[in-house]
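Note that chain A is present in both complexes that follow, paired respectively with chain B and with chain C.
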Partner chain A sequence: MLQSFFVQLVEIATPINMLVMVSATALGIIFGALPGLTATLAVALLSTLTFGFSTELAMVALIGAYVGAIYGPAHSSILLGIPGSAAGAATAIDGHILAKQGKSGQAIATATLASVIGTIFGIIAMVLLSPFLVELALNFTSIEFFLLALFGVLICGSLTAPDMPVKGWIAGIFGLMLAGIGIETIQGFQRFTFGNPNLAGGIDVVPVILGGFALPQVFRVLRDREMKQTIVTNIGSLMPDWLAIWRNKFGVMRSGAIGVGVGVIPGVGEDIAAWASYDAARKLDPKPESFGTGNIRGVVASETANNACIGGAIIPVLTLGVPGSPPAAMLLGALNLHGVRPGPMLSFEFPNFIPQMAAMLAWASLTVLVLGLLMVRISVQVLRIPTAILMPVVAFLAVLGSYSLGLNMFNIYMMFFFGVVVYLLEEIGYPIAPVVIGLLLGNMADVSLRRALLASGGSVEPFFTRPLAILFLALIIISLSFQSTFVRNLFSRTFRRRAKV
Partner chain B sequence: MKAQIASFVMAAALVVSGAAQAQDFPSKPIEVSIWAAAGGGTDVTNRLLAEAMQKHLDTRINAVNRTGGGGGVAMTHVWNQDHDGHSWLGASEAMQVVKVMGYHDTGTPDWRWYMVGGWPGVISVPENSPYKSFQDMVDASKENPGSVRISHCPLGCVWHMKALASGQAADIEFTYVPYDGSAPAHIAAMSGEVDAVVSGIGEQAEFIRAGRLRPIAMTEMEPFDFPEIGQIEAVGADYPKVQEIPTRQWLGMAIPKDTPEEAVAIIDEAFEAAIQDPSIQEFAQERLMVISGLYGEEAEAELQKMENAMSWALFDLGIATTSPDQLGIAKP
Partner chain C sequence: MLPERARRKADIVFSSFMIVFGLVMLYSASQMPWSSARTGGGSQWYLSPGLYPAILGTLLVIFSARVLMTAWREVGPSDIATMFIGWVRALPRNRGVQNVIFMMVLVGVYIFFGIGSGDFRLVSAVFLFLFIAAFWWPDSGKQLPLKIASTAVIAAVVPTLMAYIFTTHLFVPMP
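Moving on, here comes the complex of A and B:
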């Protein structure tokens, strides 16, 4: 596999492939950076556009766009505090504060580097570990999906303003309740739709993100006179913070591993990878309270993980025919369109296909590195735009982004509704991030739990007898007990005592 | 590559010049609005059909995916265009439930259907399963009702109907577990979360070839010859009641029924020729699809039966909330 990967690395580097790769990656970055235009949309759009291309050229374009679009949100998250998609929302927490502190250039450059490192993790997983990871994915039954979602929801508690973790939980439960809206898929029952057909499909996460992250900013600028004048003119160094990444090398590896692992699990994507990695980085950091106040490690954790997720998500696409994330689902569609039938037979019928995809990922990550660092120079200029111009543009992008998703007016109303609701919530100290997590994971938790019980005939026994389920239960208990100051103090005291001895 | 660029330029030129042609039909490029996402069976079939049909029609056929609303988005778009034969719907068996589900106001009698073909359904078990035949599953269910769990695509989808039909035919109770699509349903069977999966033979083919899934029985009346594996028996051989829910998976396209006769005649002719096209035949063979080629009255008669059966089944299951009676859908 490894040898074949290096052969492919050279073989696909034809001028036409590289040209398509660079343009597709640039398109992906722009799609990712613009709020509401997601990686899924970029890959979907290109898969129909490249219908007439050869399979290889089409895949070059799609992989480029995919990697670019997962990296792209870093720009808007850091500069404007508005994530281009859910995958970039975790980056916004620390990234935007860094920008306000005048370190936007370095933050974006570091995010670029982290993305590239993350993608490389994905490539390593694809080339070396894919047979093993497929077996892991097959061990994921509804029980594990439920426990994973539950674990994700528990992240909410720590993604809060440090003064009151309880507010994070309340916001998370609000998100979970939002996820309950719509036709549930086990019995087809309409919940909380009030007979409104627009609500039958559930609440989309994109209008919530755009409304929740963008509109409150606009409101606050309108409200505060001083904010109208403050323009961040200092953009700082444009080089990545190599030292921060080097000092944090174990953290980066952990983020990469989380990204690949989350990616491999069918149906769980880049967004969850970023949040899970951000949470792990925060919990294991010597100074967890510095997260949320402009810690570069927060940016590195989420950007490494969401890009590492790509390689992970492609593995089940190629070997099981099941996408690991929504953009990977589009990739699967494109493969079918070109007559490639992914599945367990792929590695027999086309032994070079997986190394070839990995080689494309490698070129895509190099393209992101070059284009990303070049683009920093241009995109930081956004901060020089006066608020009086920038804020209307932000509001416009939020409207456009909500509409572009399914071309549905209802999503624009939703965006405004959540803009107002989140503004009020934030004024009284509730964070938006847990709402997003709750909404992302609520449906998965709900459906997986009921499906698991349906399959086990109502017995909860498999929750305690399956090895992976026990692992997740243990993680949940550890994570929960770390929320309590008592346990944390106990832990750090024993730790310190040992260190002294 | 050059040819591709050339074809793109040609397409663009056709779009511009299309309106200038004197002939009545086709007087401009035709657009197929495919209700499903790019890459799925409905999409690939319609794209191949479009390429095969445009050889026989004097115009370009463009395929566009208009997803969402259970097919309602694409149907609304096509219905709102002029009914002059230039706007087609990329359709599948999902169109037979849009009326009862409230996704669109039109039903089977409002369209003219063109069926390319479809997959027969198959019940498969993971490789290490104790079940060797459908009879084994029936016996296990008789002994312990509900102990055999079967995964399928979302509630009310064609494979859910097929699973129900098989269970009802043998007068036994399976536990039906819905997933978001056939792909996760396959995984559920392979990971041992459920005992068996029902889906299209073409969807399962790669897993069957790799030995991950073992086919037990077709959910149809006829057995199926699987290349390399051999014949798969049909549930209908022992339990002919399986045909009482007359559903089948199909892929193809549709136009509004009130399209002018001259245009319909031209489309009919092109469709008949396209079905014989080697690209369609090859695709069908490779994906284990059974070619149908039915259109017009014959297709409508079959699909009407299907609409009736599926609508009432969905209503009885409580998934559809409006009674098919109120919508003028006859009880089968």
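Moving on, here comes the complex of A and C:
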């Protein structure tokens, strides 16, 4: 794998690939920097534009945009104090204070370096972990695939629900249900199509993602009109704080590990990685009270983790066909559009695909290193664009993007429907990520369940006797039961009693 | 997100709806072929297309019941109607909700009535012009003429440029 990675690193470096990589990364940085525009939206909109490209060129563009858009919020967080994403909010806490102290150039340069280090962590994890995961996944039967899909949806629901975990699970079930619409693959029976031929082929993931991520964001940002923004225009020296990074090398490694670890968990993503890493850095720092007052370690922790999460999130996409984050879900959708079916067989069908993706990530991180610093002064100008102009343009692009994939108006109607529904659901605490993960994994869950039962002649016994199935079942039960107050109280009482003894 | 009390009240209504929805799903699943010979051979219950929706319907009912129970215990259903009437009465003063309704209507009109009724670029330009104007022009003072001109340029350029890229380079005809 390692050798193949280095070969791909050279092979994909064609002039056209590099041109597309630089353009897509620049676009991603701008997209990520603009408050309200997310990495998922960047990848989703770009996947509609790259539909006509070859698979390799489309992936170069999408990976570039993905890495750029995850890094981009660092600019707005530091210069504006208004993060472009939830992950950027962790960077803003210390980054904007540093900017106000006249160290915005140093903060951005350090954030850029931390992002590159984080991406490299993700690449290393991808190259080293993927072969083991493929090996493991080759032992999966339909039982494990069904349980994996169920686990993915439930864990994503648990970790992304802002209110109650059960609401995340309901959102996941809703996504699984959406995947059940259309002609099912085993008996060819039409489920929940209500005689509408547009629903017979099922629901496309792109209109759901565009509707679910673009329209609610447009509604929310413009709902309360524009906030008064005070942008820091004095950039100063663009030299990273090398000493801070070197002294914090173990912290950087911890953040990278957190990023990769969170990335591998289905559907969770960069936001949680950044916050988990920031929280860990604050708690383990000798001066935790300095966090929030302009501590560069806070910036390093969140930026390393959210970029390390990219590689982590791509690992399950390529090896299991399960997305690790919402942008990775869109990447999975784009791969499907290009006729590539990620999963354990990918390494046999396209032996160089995983090293190729890792090589693209490496080029993207190098591009971020250069563009991230070059674009700081451009970001200052871009961040002056009022959201009242940007958001209507995003709504227009979401309409055009939805139409361009299937060339039918029904996709636009679906996009609008999901936009309105997701906005209302988010208002009452239901997250969108489990819906998308459910929609992507629904078919796998449905077919795998019935195949598993067919193989066992209707017996559920193999679900409780196969070692991997037991592992997944245990994970599902643990993730479900730990949301119960009764179980949590029981555990805390047991541990307190043991501590007293 | 709504404030916690209002959210819990909404939970009572929404989770009740989801329980009914889950039950409807279960009923629909029960109407699907379970042991028929639809595909030629004698299908077993575990191959039925109704199995998957039946499981999801059951989970939906259980999870929604959990949300309903929590919301019921925390705030109860006593003044849902009063709160809703109060929210409706406060609408004339609630700029945030007015903005969202306006945007939903504008995007809806553009999608359902605008697209297809005329040239896509023209319809999209009108949509963008109105959308930007509604949120960018208020309280502009002396900058208003400049903003009007900028809006017109953006509204004209963006759809034209995107239509050009999609039709010429990506071979995607406009709706």
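Following the convention adopted for this analysis, the second predicted complex is superposed on the first by the 270 of 501 C-alpha atoms of A that agree within 3 Å, B and C clash if a C-alpha of one lies under 4 Å from a C-alpha of the other, contacts with A are read in each partner's own complex, and residues count from 1 in each chain.
We adopt the following convention: contacts are C-beta pairs under 8 Å (C-beta built on N, C-alpha and C of every residue); 3 or more make two chains touch, one makes a residue touch a chain.
Note that the structure is a prediction, hence the values are computed from the model and not measured.
K.L.:
Determine, under the contact definition given at the top, whether A:Gly52 touches first (chain B), second (chain C), both, or neither.
P.N.:
both
K.L.:
Taking the superposition as given, does A:Leu454 touch the first partner, chain B, the second, chain C, both, or neither?
P.N.:
both
K.L.:
In the superposed arrangement, which partner chain does A:Arg341 touch: chain B (first), chain C (second), both, or neither?
P.N.:
The answer is first: A:Arg341 touches chain B but not chain C.
K.L.:
Touch test for A:Phe418: chain B only (first), chain C only (second), both, or neither?
P.N.:
A:Phe418 sits against neither chain B nor chain C.
K.L.:
Check the residue A:Ile186 against both partner chains and state whether it touches chain B (first), chain C (second), both, or neither.
P.N.:
both
K.L.:
With the two complexes superposed on chain A, say which partner A:Leu215 touches: chain B (first), chain C (second), both, or neither.
P.N.:
Only chain C is touched by A:Leu215; chain B is not.
K.L.:
See if chain A has more residues touched by chain B or by chain C, and give me that chain.
P.N.:
Greater contact footprint in residues on chain A: C.
K.L.:
Determine, under the contact definition given at the top, whether A:Phe463 touches first (chain B), second (chain C), both, or neither.
P.N.:
neither
K.L.:
Hey, what residues of chain A end up touching chain B and chain C alike?
P.N.:
Shared contact residues on chain A: 51-52, 186-189, 454.
K.L.:
Mind listing the chain A positions that touch chain C in their complex?
P.N.:
These residues of chain A touch chain C: 49, 51-52, 162-164, 166-167, 169-170, 173-174, 176-177, 180, 184, 186-189, 191-192, 215, 218-219, 222-226, 386, 388-389, 391-393, 395-397, 399-400, 403-404, 407, 409, 412-413, 416, 419-420, 423, 426-429, 445-446, 449-450, 453-454, 458.
K.L.:
Where on chain B does chain A make contact in their complex?
P.N.:
For chain B paired with chain A, touching residues are 1, 4, 7-8, 37-40, 43-44, 47, 63-65, 68-69, 102, 146-147, 149, 154-156, 175, 177-180, 183-184, 186-188, 190-194, 205-207, 209-210, 212, 286, 317-319, 321.
K.L.:
Touching chain B in the complex: which residues of chain A?
P.N.:
Contact set of chain A toward chain B: 16, 44, 47-48, 51-53, 57, 137-142, 185-190, 197, 201, 266-267, 320-323, 330, 332-337, 339, 341-346, 406, 408, 451-452, 454-455, 457.
K.L.:
Provide the residue numbers of chain C that touch chain A in the complex, in ascending order.
P.N.:
Chain C residues touching chain A: 1-2, 7, 10-11, 14, 18, 25, 28, 32-33, 38-39, 43-49, 51-53, 55-56, 59-60, 63-64, 66-67, 70, 95-97, 99-100, 103-104, 107-108, 110-112, 115-116, 124, 127-128, 131-132, 135-136, 138, 150-151, 154, 158-159, 162, 165-166, 169-173, 175.
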